[in-house]
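What follows are several structures.
Shared chain: chain A. Partners: chain B in the first complex, chain C in the second.
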Partner chain A sequence: MNGIFGTLSHYFTFPFVRYALIVGVLVALCASLLGVVLVLKRYSHIGDGLAHVAFGAMGVATALRLTNQTVLVLPLTMASAVVLLWNGQHTKIKGDAAIAMMSVSAMAIGYLLINLSPASSNISGDVCTTLFGSTSILTLTPTKVWLSVGLSLLVVAVFVLFYNRIFAITFDESFAAATGLNTRFYNMLVAMIVATVVVLAMDLVGSLLTSALIIFPALSIMRVLRSFKAVVVASVVLSVFCAALGITLSILLGTPVGATIVVVYIASFILFSLGGLALGRRRA
Partner chain B sequence: MPQLICDRLTLGYEGRIVSTGVSFEVDAGDYVCILGENGSGKSTLIKAILNLKVPMAGKVILGEGLSRAGIGYLPQQTAAQRDFPASVWEIVISGSLNRIGRRPFFSHAQRKQAQENMRRLQVDSLARRCFAELSGGQQHRVLLARALGATDRMLVLDEPASGLDPQITDEMYSLIKDLNRSGLSIIMVSHDTQAALRDASHILHLGNTSLFWGTARDYERSDIGRAYLSRKGMEA
Partner chain C sequence: MRRHRVLSLAGLLFLAAVLAGCSVREAPTAASLTPVAIQMDLSRLSDTMAYARMFEIVHDPGEYLGKTARIQGTYVPVPDPAREGLYYHFLLVADITGCCEIGIEFFLDGRRYPEDYPPEYARIELEGVFDMATVSGNRHICLKAEKIRVIWKAEPVPPPVP
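On to the complex of A and B.
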């Protein structure tokens, strides 16, 4: 036991390990907040679609040789979130088809641009990092850490301030609209926060695994708890715990950070499902 | 001035017109029942009144201190709400959202009012229970308590008795009648003609055109009313 703690405290003397832990925990926190809303609104696939768009935007940023890629990736992802939700209103192309279309287009264009204009000789390494996160979380610059901290705090603040309205549009959008709430505005707000969280999560787990951070905590907690506030609070606690555990395990075992975190989430989901069965709750 | 005026509305969906020339007025304290066959535009009319959908022609005018944010609404239940983790209290208090203005949280007065509405509909003992685990009748009461939080003037109900067993349905109708007696105007879509004639002050019968608008007593004596009632097996 002493050996493990010794190893850990040795690792935590390195700033990049501390950065990874800080950003990882904050991203997990934000993702789980949003996850409750997305899962309940049947929007789980939007997070996934936006993560693919973010990959494409990353390709553009790489081709343009931007040092701070977030300044381009974040606005592009946000714009896509707006387009996706707007498209949902006029149903020429059905919502899920629009998301699928946008995801694959962004992936293809992103990969093409990275190949046409490689930033380093190790293209597949770069692509793999963008898709699965592996090393990007351990190479965070202090600027990036502060940016992540700022954006995370903003996400939490918006969620808390608009908590009651977010509950209303999640539970019953037509009642909210009928009684005078500007549901279109709040849907957009949610889309903006999702885009922000997706971009933040890219560094941690990569674009292919981002969705896991968003949906798993809410799905796990919903197996056992049955009130909105309890689900939100418990999802955040669970998510922070799983992310911290995942990062620590990956350091100790030398495994890829993103994949390790997701495996911890899967394990928690299985545990909570069993817990739910033991409690004899009705399944959704 | 009436609370609500519908002026020569044309109703339809997906570009298809189902009713034209729908005109009527609702005064404070009226109990309006909207009857008609399936697909005659009843739910579309409700959506137009609630500003969820713009009518294809005509206008909905709110008068006498009634604002969009002052109408309570009891929707037809959707399957999406069945597995939603929300407590009864969370749902009832969310009805008062249109009263909080720009503030982020509910005031003490709004919380008190939500508690009062739960007592009025006898769901206060269920406050901490999960909505999805309640019976159909209890869920209807909870949603009605939420609607009361949004208004003290007008309630719009879309088939409030759908999916309820007969005894619970009767309870629901007498609750709605009580709310009407206490001063709320009611606009309700219903398939239940008997209850409509018993409780409503006015009937709106929709077909290809607005087929009838008038008091419930006149409706029973009208040709259209008699024909509809006899088809429903209730000779007037």
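On to the complex of A and C.
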């Protein structure tokens, strides 16, 4: 055990490990905040769809050889989030079909552009890193760390500031609209925050695994708790714990960071499901 | 009932922490990672950490110049397209998935290629000092190697079937 703590304390002298932990915890916090809303509104698949769009946007940024790809990826993903919600309400292609169409189109275009205009000789490596995160969380530059910290704080601020309205549109959108709340605006706001979280989470777990950060904490906590506020707070605590544990395990065991974090989330879901079953029996 | 829920939550988190702690294998201590002669021993780090450390060294070399290091990776010789017979020698460090790789050029004084070098794609360990090299006006970090050790040789690629 001393060996593990010795190794960990040695690893934490490296700046990139500290950066990874800071950004990982913040991203996990933001994702879990939104996860509760998305799961309750049955919008879990939007996170997945937007993650695919973000991959496509990354392909465009790579083809354009942008040094800071976030400046293009973030606005494109946000725009897609707005289009998806707008599309769902006003056109013939609705809901999951629109998300599926946009996801695969973005993936195909992104992959095509990366291949047509490769930024490096290791195309498969670039694609693998973008899809699964690999070690990108351990190779963050200070600029990217500050950008992630700023965006994370913005997401938390928006959620706290509009908590009551987000609560209202989550549980009964029709009633919220009837009381005069601009539900379309708040849905767009939620979609834009989700887009921001997805872009942030790509460095942590890669675009294919971002949904795990959004849905697992909420689903796990909902096994044992019922009130909205309690689920939100407990999801945040669980998500931060799982992300920190996943990063720590991956650097100790040398495993891929994103996959390790997601496996920790899965383990927590199983534990909480068992806990929920035990509580259910006791209540009965 | 609320108290039970809080206790259940705390219990689950504690159980998760204990299980996670049990699953971690014994790793070398911080002291054993840094022998006296070698200031940075990347060979003792996991693949993920070694790759991330190399990434930092290559992209922000300032504070590493003059430090001694031991690194393991794949040996790749690259011919100079302009000068026949001239080769540059690289050590590639990959992450655990093998999808991310980062290379560092190394120099071995008094050695001739190919006689004194390992076969292409061999797994090697280098010990040396970080320094700066200049190629076509561009400065980049390199390793002035003092020791080279072959860990294993790559399987030779069979000739194409006619």
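As a working rule, the second predicted complex is superposed on the first by the 279 of 284 C-alpha atoms of A that agree within 3 Å, B and C clash if a C-alpha of one lies under 4 Å from a C-alpha of the other, contacts with A are read in each partner's own complex, and residues count from 1 in each chain.
In this section, contacts are C-beta pairs under 8 Å (C-beta built on N, C-alpha and C of every residue); 3 or more make two chains touch, one makes a residue touch a chain.
From a predicted model like this one, the values you see are computed outputs, not experimental measurements.
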By the touch definition at the top of the document, which applies to A:Gly3: first (chain B), second (chain C), both, or neither?
second
Looking at A:Ala177, would you say it contacts chain B, chain C, both, or neither? Reply first, second, both or neither.
first
Given the touch rule stated above, what does A:Pro75 touch, chain B (first), chain C (second), both, or neither?
neither
Which partner does A:Gly150 reach: the first (chain B), the second (chain C), both, or neither?
neither
Which superposed partner A:Phe241 touches (first chain B, second chain C, both, neither):
second
For the overlaid complexes, name the partner, chain B or chain C, with more touching residues on chain A.
C
Under the stated touch criterion, which partner chain does A:Tyr11 make contact with: chain B (first), chain C (second), both, or neither?
second
What is the contact status of A:Leu225 with respect to chain B (first) and chain C (second): first, second, both, or neither?
both
Enumerate the residues of chain A that count as touching chain B in its complex and touching chain C in the other.
225, 282
Hey, which residues of chain A end up touching chain C in the complex?
1-4, 6-7, 9-11, 14-17, 122, 124-125, 128-129, 132, 134-135, 138-139, 141, 224-225, 234, 237-238, 241, 245, 249-257, 264, 267-268, 271-272, 275, 278-279, 282-283
Under the touch definition given earlier, write down the residues of chain B that touch chain A in their complex.
50-52, 67-69, 71-73, 75, 78, 80-87, 90-91, 94-95, 97-98, 100, 104-106, 128, 130, 132-133, 146-147, 150-151, 156
Touching residues (chain side chain A, partner chain B) in the complex:
40, 42, 160-165, 167-168, 171-172, 174-181, 222, 225-231, 282, 284
For a test of understanding, state which residues of chain C touch chain A in their complex under the given definition.
1, 4-5, 8-9, 11-13, 15-17, 19-21, 23-31, 33, 45-49, 51-53, 55-56, 59, 95-97, 99-101
